[in-house]
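Before anything else, here is the set of structures, which you'll find just below.
Each of the next two complexes has subunit A plus one other chain: subunit B in the first, subunit C in the second.
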Partner chain A sequence: MADREPVLKVENLTITYDTEKGPLHTVRNVSLQIAPGEIYGLVGESGSGKTTFARGVVRYLPSNGKITTGRISLSGTDLATLSHKQIRKVWGSRVTMVHQDPNASINPSMLIGDQIAEAMRVHLGLNKKQAGQKAIEMLNKVRMPDPELVARRYAHQLSGGMLQRVLIATAMATNPEFMIMDEPTTALDVTTEAVILDLIRELMSEYNTAILFITHNLGVIARICDRIGVLYAGELMEEGPIHEVFRNRLHPYTRGLLGCVPRVDASKKSITLSSIPGFIPRPNQLPPGCIFAPRCDLVEEACQLERPPLVEIGPSHLSSCRRVDCLRTRTKEVEQAREERIEELGPVVLEARNIKKYFPFSGGLTALVRGKKSVKAVDDISIRMRSSFTLGIVGESGCGKTTLARCIAGLEEATSGEIDLEGEHLDYSVSRREPAVLKKIQMVFQNPDASLNPQLPAGYSVARPLTLLRNMSKKQVQERVKELFAAVSLPPDYIDRLPHELSGGEKQRVAIARAFAADPVLMICDEPISSLDVSVQASLMNLLAELQGTAGTAYLFISHDLAAVRHLSDWIAVVYLGRLWEIGSAEDVFVPPYHPYTEALLSAIPIPDPDIEQDRIRLKGSVPSALNVPPGCRFHTRCPRKIGAVCETEEPPWREMEGGHRICCHIPIDELKTLQGGGLLKKAGQGGNR
Partner chain B sequence: MGLYILRRLGFIFLTLFLASVIIFIVTQFLPGDVARIILGQFATEAAIDNLREELGLNQPAYRQYLNWAGGFIRGDWGDSLVSRMPVRPIVMQRLGNSIMLAGLALCIYVPLGIVLGVIAALKQNKLPDQLISGLSMAFVGLPEFVSGLLLITFLAIGAGWFPANSSIDPDAKFFESLPYLILPAVTVSLTGLGYVARMTRSGTIDVLGSDYTRAAELKGLPGRQVLVRHVLRNSLLPTVTIVAMGIGWLLGGLIVTEAVYGYPGLGRLLVYGIQRQDLPIIQAASMIVVAAYSFSNLAADIIYGLLNPRIRVGG
Partner chain C sequence: MQKQPQENSENRMAIKKFFRRLRSNPTIFIGFMIVLIFLFIAAFGPFLAPYPYTQQNLSERLQPPSDDNIFGTDQFGRDIYSRILVGSRDVLVVAGSGTVLAVFFGLLLGLFSGYRGGYFDEVVMRVMDVILSIPPLLLAMVILFSLGPSRVNVIIVVGFLYIPMVARVVRSVVLDLKTRQYVEAARLRGETSAYILYKEILPNVLPHLAVESSMRFSYSIFLVASLGFLGLGVQPPSPDWGLMVGESRTWFHQARWVLFFPAGAIAILVVGVGFMSDGLRRMLLPGGVSDG
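This part shows the complex of A and B:
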C-alpha cells in the first residue's frame, strides 16, 4: 500500500484549544499518510485526542480550536489553508464522515432517502429524481433489505444496524477520496458489528477510498485495518502495518493496551489481566520526557529527560520508545499467571426456576382487533448459582438479559416462576422483601454516573447500605467505609470526594464498594465495564475476580462483550429472545459443539490478533420483536444451520452432554460436532500465539 | 394518529366534565345562599324561600348540577342576575372580542419571537444573543399593568398615535376596531414574545449541537439548507407547543391587560361577574375559558404530532 501515492498526507499537525486555563495543545506533531483503498486504524484511550485529530484533519473544530502548525494535504489540496467557504465544498464531496451513534446522527424528521440524496444534489448536481434513484442504489450497495421501502422511512423505524448502513450509504454516495469513521460500530451489537465491518471491508476495496478508522477496540482494528497508529495523549506512539504492530508491539503502551484485553481462550482462573496504572496526562500537564514514562514499566532515567522522537524501527514500522531493543527481547505476554484455583463447588446460593416476565402491550385499536398481546421479555429461564461462582449471561441487546437480572433483584416483578435465595423463597418485588434478604442481593449498574448521587460524597453512597441494611453504628460505618475503599483500591481521601471529581473507572469502583458494603451473597453486574476504557476495564475485572476470591460472592455477570464474559465467568448462559439456548462451563461453551447462535456470537467477536482467521458466520437481520416470537425454534429465522421444516414447527429439545453442558437445538450433538469442526479456538491456535 | 386525536378528545371531555363540577360546586354552594346573594341583605325570609323554590335550590345537589349542566349543553346558559339578560350572547360577544385580540397578538409575537430566538441561538453568547435574551427576560418579567401603562403614556397620550381606551363598540367591524386593538395586543405580545423567543432559542441551541446537525454540516450542505431542513424543522417543535398552549392564556387569562385598556374581553367579563356575584356569568365564562385551554392544548398536541414523525408514522 505504501508505494501508492497517498490520498491524505498529514504533516506535523498540532491542534490547540483556547481555554480559560490557557492554550491546550491537544494534538501535537502528528504525521500520517493514508493511501487509496487503505484503512488506517487510529486507536487510543478516551482523552487521547483521536476525535480532535479527525475533526482537525477535516477542519471541523469548535470555534476555540485551531490548527497551529502542520499541513493537511488531500490529493494535493492543502486543507489547512482553505477558507471556510472552500472547505464546505470539500465536506460531503471529497471528504465524508461516519459517526459513532447512528441513532443521533440521522435527522429524525426527514425521510431516509432524502438524507442520502441531499449531498448528491449539492455536490453532484443531480436533480431530485436522479438523486432519489441514486439513494436507493446506494442503499442496495450497503445490502439494505427493501431499499425502496427504507428510503421512505424515518430514523425511528429502523434498527441501529440499519441506520449505520444508511450513514455508510450517505458517506459513500458522493464517492469521496477520504472518509473518516469515528467509532462506527461501538454502539452496535457484536453480531451487527461483524456484519457492518464485513460491509466496510468489501465497499472499500470496491470504491478505493482512503479511510481513517477511529476506535478504542483493538479487535475491530485487527479485523479490518491495514495499518494502525497508536495515539496517546495527543501524540503518535507507534505506527505500522497491522500484522507487524500486533506481532511485535514495539511500544509499551501498545503492549499495555493489548494486555488489557481479555482473551477468549483464558479466564480469571489462569491469568490476571495486565492493566496500565495511572491516567492519561492532560495536555497542559505533560511530563518532560517521554509522555508515557509515568505509566511505563520499562522506564529508565533517560526516558524522563528527553522526549523520544518517533523513529523507523522496521519496515514502515515507527515507534517512539527508546527501549525498543529491550522490548524486542522481552517475552511478549507480560501477563501474570494466576494460581489455578481448586475447583470446588460451593453451596447453592440462588435457584431461579421457570422465570417469566411478560410486559403487557396495549396497542390501542390493534389490541381490540387482535386481542391483548404481551412482550415476552423473559420466557421460562431457569438458572442456579453457587457461592464463589460467576454465571455470565450473553446475548444481543433486547434478548432479555437485563430483564432477567432485574427480576432476580426484584426491581422488575416476575410474571411467574420461583426465586429461591439460600433455600428461602423470595418475593417477586423488592419492596416486599425483608432487609435481611435485600442485603444479600446487590447490583452494580452499567452507568456509574447515573447510579451515584451527584450531590453526595462517594463515601456516603458506600455508607448507606451499612446503615440501612446492616444497622451499624456511626463509628463502625466509618471504619467499614475505609476498609471498603481500601478493598477497591481507592485512596482514603476519595471518601469525601463528589462523583464528578472521580473518573469513570473510579466511580465504578465506588459502585462496587457500595455493592460489597451490604456483604451480599449474590452480586448482579449489569454491563459494569462496558462504558470504560480497555485499561480501566482490565483493572476492574481484576478487582472483581479478586474480591470474589476473598468474599466468596456469587456474580451474575451480564455483558455483550464475550471476551469479558469468558474471562470472568465459570459458567455461561446464552440467551436469545427471552429463552436459554445453551448453558455450560465457560470452557465448554467456547469450544464446539455449540449452539448455532453461540457459534455466530463467537465468530463475531473481534479478536485483537490479525493473524487469526475467524470463521465468518453472520446472522441476518436483527432480533425479531418479542411481541411476535417465531414459532418452533425461536432462532430459526436467523439460524445459519437451519435443517428444515422441523425448526419452524417444533420446539427443539435440550441435549445434555458431559459436565452439565446443555444445548437446545434440533441438530444432534454429534452432528453439530462434525459441522463445527475444530471451532474458533483451534484456528486461533494455528494463527500463532493465541 | 387518528386514534391519538380521539384519545386526546376523550381526555378533553373528561377535563370539561371535572371542571364543570368544580365550577358548579364553587359557585353554587360555597359562598353562602344563592337566593340571598340575588335578593340582597335586606330581603325577607319568605322572598328568599320563594326564590329558592323558583331556582330549584331545594332540590338535591346532583339534580341541580344535572339541570345546570343539561341547560348548558343545550345552550341555555341562564340569565344574568344583574341585567336579567340571557348570558349566552354576552359571553359569545366577549369571546369574539378575545379572539380578535388573541389573533392580532399571535400575528405579532409568534413570527417575531421565532426570528429573534433563532438569531439568538445562532449568535449564542455573543452580543445579539445577550441583547435578545436580556430583553426577552425583561419582557416576561414586566407586569402587564406596567408595560400597558408605559405604552399608554408614551404612544397614546404622548405621541397620540393610538387611542388610550380600548372599550370598543360591540357592533363595530374588525377594521374599525383595529386601532383600538393595537396597544393591548402589543402589551400582551411583550410577554408572549419573551416566552417564544426563549423557547426557540433553547430548542435551536439543542439541535445545533446535535449529531445530525453536525452530520448535515459535514455533508457540505449550504448553511441555509442545514438551518431550515435539519435545525429548524426539529428545533421549532417545542415552540409550536407553547404557542398553541398560549391560545388558552390569550383567550381567558388577559384579565390585567383588559382591565388596563378597558377592553371588553372574556377576562374582564369574568372579573365583572365575580365582582357582582353574577353566578351564571361566572359559570359560563369559566367554562369557556376551560374549554379554550383544553382545545388549545389539543391543538398543541395535534400540531406536535403532525410535525413529529415518531407520532405521525408510529414505530
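This part shows the complex of A and C:
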C-alpha cells in the first residue's frame, strides 16, 4: 500500500485559533499521508486536537480558526490555497465526513432517500430520478435491509445503527477520494459498533477511499485501521503500521494509553491498571522540552530541554521519544501485578427478589383506543450481593440495567418485588425510607457535569451527607471532608472550588467522595466512567477498587463496557430486555459455555490488540421494543443459535453449573460447550505476548 | 471572621469581571447605561426639573421647543421637559413594582408546580393557560374598570398578568433541573423537599429568572404606558408618559412635540431595558436557552 501515491498528504500543518487570550496553536507541525484504500486511525485523549486536525485538513474550521503554516495536498490539489468557492466544490464530492452523532447529522424532516440523493444531485449532476435510484443502490451497498422502504422513511423511524449506515451511504455516494470519520461508532452499542466496523472494513476494500478515522477507543483502531497516529496536545507522538505500533509501543504515551485499557482476561484481583498522571497541557502552556515529559515516567533532564523530533525508528514507524532504546528493552507490561485476595464470602448485604418495573405507556386518548400497555423495563430480576463484592450488570442500552439500579436506590418505585438490605425490608420509594437506611445506599452517576450542583463548592457537596446522615459536628465534618478528599486523591484546596473549575475526572472523584461520605454498605455505580478518557477511566477504576478494599462496600457496577465490568466485578449479570439471562462469577461468564447473547456481546468487544482474532458473531437488527416483548425466549428474534420453534413459544429454563454459574437457555449446557469450543479469543501469528 | 478579607477581595474580583464583560459588548453596555440614566432621573427628577410639573401658563400653550422650554409646552402651557423628568418615576415605580409582584408569585408557583408535578401542576398550569389566553390589554381593562384606575391597581394588574409567563419559564427550568443527578443525590441522602428547592434548585433557577425579569420589565413598561394612554392608569394631573401621549392626541396636528417627547422617552427606555435583558441572557446563560 505504501508504494502507491498517497491521496492525502499533509505537511507541517499548524492550526491556530484566535481567542480572547491570544492565538492558540491547537495543532502543531503535523505531517501525515494516507494512501488509497487505507484507514488511518488517529487516536488521543480529548483535547488532543484530533477533531481540529481533521477539520483543518479539509478547511472546515470555525471562523476564528485558521491554518497558519503547512501544505495539504489532496491528489495534487493544494487545499490550503483554494478559494472559498473552490473548496465548497471539494466538500461533499471529493471529501466527505461521517460524524459521531447520527441523530444530529440527519435532517429529521427529510426522507432518507432524498437526503442521500441530495449530495449526488449537487455534485454529480444527476436528475432526481437517477439520484433516487442511486440512493437505493447505496443503501443496498451498506447492507441495509429493505432499502426501498428505508429510502421512504424519516430519521426517527430508524435505529442508531441504521442511521449510521445511512450516513456512511451518504458519504460514499459521491465516491470521494478522502473521507473523515469522526468517532462514528462512539454513540452506538458494542454489538452495533461491531457490525458497523465490519461494514466500513468491507466497503473500503471495495471503494479504495482513503479514510481518516478518529477515535479515542484503541480497540476500535486495532480492529479496523491499517496505520495509527497517536496525537497528544496537538502533536504526533508515534505513527506507524498498526501491528508494529501495538506490538512495540515505542512511545511512553502510547504505552500509557494501552496500559489504561482494562483487559478481558484479567481483573482487579490480579492487576492494577496503569494510568497516566496529570493532564494534557493547554496549547498556551506547553513545556519547553518534550510535551509529554511532565507526565512521563521515563523522563530525564535532557527530555525537558528540547522538543524531540519525530524520527523513524523502524519500517515506516515514527516516534518522537528520545528514549526509544530504553523502551525497546523494557518489558511491555506496565501493569503491576496485585496480590490475589483470598476470597471470603462476606455477609449478604442486598437481596432483591423478583423486581419488576413497568412504566405505563402514554395515558389519555391513546390508552382508550389501544388499551393500557406498559413498558416492561425490568421484568422479574433477582440479585443478591455481599459486602466487599462487586456485581457487574451488562447489556445493551435500553435493556433495563439503569432502571433496576434506580429501583434499588428508590429513585424509581418498583412495581413489585422485594428489596432487603441487611435483612431489613426496604420501602420502594426513597422518600419513605428512614435516614438510617438511606445512608446505607449511595450512588455515583454517569454524567460528571450533572452530578454536582454548579452553584455549590465541591466541599459542600461532600460535607452535606456528613451533617445530615451522620450528625457530625462542624469540626468533625471539616476533618472528615479533608480525609475524604485525600482518599479520592484530590488536593485539599479543591474543597473550596466550584464544579466548573474541575475536570470531568475530578468531578467524578468528588461524586465518589460524596457517596462514600455517608459510609454506605452498598454503592450503585451507574456508568460512572463511560464519558471519560481512558487514562481517567483507569485511575477511577483503580480508585474504586482501592476504596472497596478499605471500606468493604458492595458495588453494583453498571456499564456497557464489558472490559471495564470484567475488570471490576466479582460477579457479572447479563441483562437483555428487562431480564437476566446469565449470571456467574466474572471468570466463568467470560469463558464458554455462555449464553448466546453473552457470546455475541463478548465477540463484539473491541480488543486493543490487532494480533487477536475474535470469532465474529454479529447480532441482526436492534433490541425489540419493551412494549412488545417477543414471546418465548426474548432473545429469539436475534439469536444466532436459535434451535427452532421451542425458542419462540416456551420460556427457556435456568440451567445451573458449578460455582453458581447459571444460564437461561433452551440449549443444554453440554451442547453449548461443544458449540462454543475453546472461546472467542484466538491469537493470530506470533505477536507479542498478552 | 478570618475569611472576611478574602471574600471581600473575591467579591471585588467578581464585580470587576462583571464590568469587564459589560464593556466587551457595546449593546449590553448601552442598555445598562440607558437604564442607569433613567434610574438617576427617576431618583432626582423633581430636583432637576426647571419648572414644577403642574405649573400652568395658559398664555404659553403649545409652544414649540425653545430655550425656556427645551421640549416645548403642552395644552396647558406646562413644561414638557419637567413633566417627563418627573414622570419617569411613575413609570419605573409602577412597572417595576408590577414586575416584582409577577416575578415573586411566578417564581413560587413555577417552583412548586414544576417540582411537585401531578395534579397540583396540572391545575396550576391550566389556570395559567386561561389567563394567558385572554389578550392582556383587554384583561387589564376589564380589571381596571371594575377596580377603578389608580396607581396601586395598575401595579396589581401588571403583576397579575405577568405571573403566568414567569411561572412557565421557572417551571420549565425546574422540570429540567429536578432530573439532574445532584438533585437525585440529594434525594438519596433524604433531604427535605424544602432543602432541595431552596439549596439545590433555586440557585440554578436564578440566572434564568434574572433574564426573564428584565424582559418582563420591558413588557411592563409598555403595558403601563398603554394603560395610561387609555386613561386607565395613573390619573391626571400626574405626568405619566402614557397619559401624556394619550392627552396629546387632540393637539398633535398643531404641536407634534407634545406627542414626540413622551413617546420617545417610552421607546428609549424600552429599548434600553431590551438591550439589558439581551445582555443578561448572554452573560448568564451562555448555552443559549430558549426564553420560554
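FYI, the second predicted complex is superposed on the first by the 673 of 690 C-alpha atoms of A that agree within 3 Å, B and C clash if a C-alpha of one lies under 4 Å from a C-alpha of the other, contacts with A are read in each partner's own complex, and residues count from 1 in each chain.
In this section, a contact is a pair of C-beta atoms (placed from the backbone, for glycine too) under 8 Å apart; a residue touches a chain by one contact, two chains touch by 3 or more.
Fair warning: this is a prediction, and the values are worked out from it, not measured in the lab.
Engineer: One more residue to check, A:L601. First (subunit B), second (subunit C), both or neither?
Structural biologist: neither
Engineer: Contacts for A:P465 in the overlay, against subunit B (first) and subunit C (second): which applies, first, second, both or neither?
Structural biologist: The answer is second: A:P465 touches subunit C but not subunit B.
Engineer: Is A:I419 in contact with subunit B, with subunit C, with both, or with neither (first, second, both, neither)?
Structural biologist: neither
Engineer: By the touch definition at the top of the document, which applies to A:A409: first (subunit B), second (subunit C), both, or neither?
Structural biologist: In the superposed model, A:A409 contacts subunit C only, not subunit B.
Engineer: Counting only touches as set out at the top, which of subunit B and subunit C does A:S431 meet: first, second, both, neither?
Structural biologist: After superposition on chain A, A:S431 lies in contact with subunit C alone.
Engineer: Would you check which partner chain A:Y60 touches, where first means subunit B only, second means subunit C only, and both and neither mean what they say?
Structural biologist: Once the two structures are laid over each other on A, A:Y60 reaches subunit B alone.
Engineer: Let me test your reading of the model: by the given contact rule, A:Q442 touches which partner, first (subunit B), second (subunit C), both or neither?
Structural biologist: A:Q442 sits against subunit C, while subunit B stays out of touch.
Engineer: Tell me the contact category for A:Q455 with respect to subunit B and subunit C: first, second, both or neither.
Structural biologist: Only subunit C; A:Q455 stays clear of subunit B.
Engineer: In their shared complex, at which residues does subunit A touch subunit B?
Structural biologist: Contacts found on subunit A: 58, 60, 88-93, 96-97, 99, 101, 104-110, 118-119, 122-123, 154, 156-157, 167, 170, 364-365.
Engineer: Under the touch definition given earlier, write down the residues of subunit B that touch subunit A in their complex.
Structural biologist: It comes out as residues 3, 7, 210-212, 214-222, 225, 229-230, 233-234, 307-310, 313, 315.
Engineer: Residues of subunit A touching subunit C in their complex?
Structural biologist: Listed in rising order, the residues of subunit A that touch subunit C are 409-411, 430-431, 433, 435, 438-439, 441-443, 445-447, 450-456, 461, 464-465, 468-469, 511, 514-515, 518.
Engineer: Going by the contact rule set out above, which residues of subunit C touch subunit A in the complex?
Structural biologist: Going through subunit C, the ones touching subunit A are 180-182, 184-191, 199-200, 203-204.
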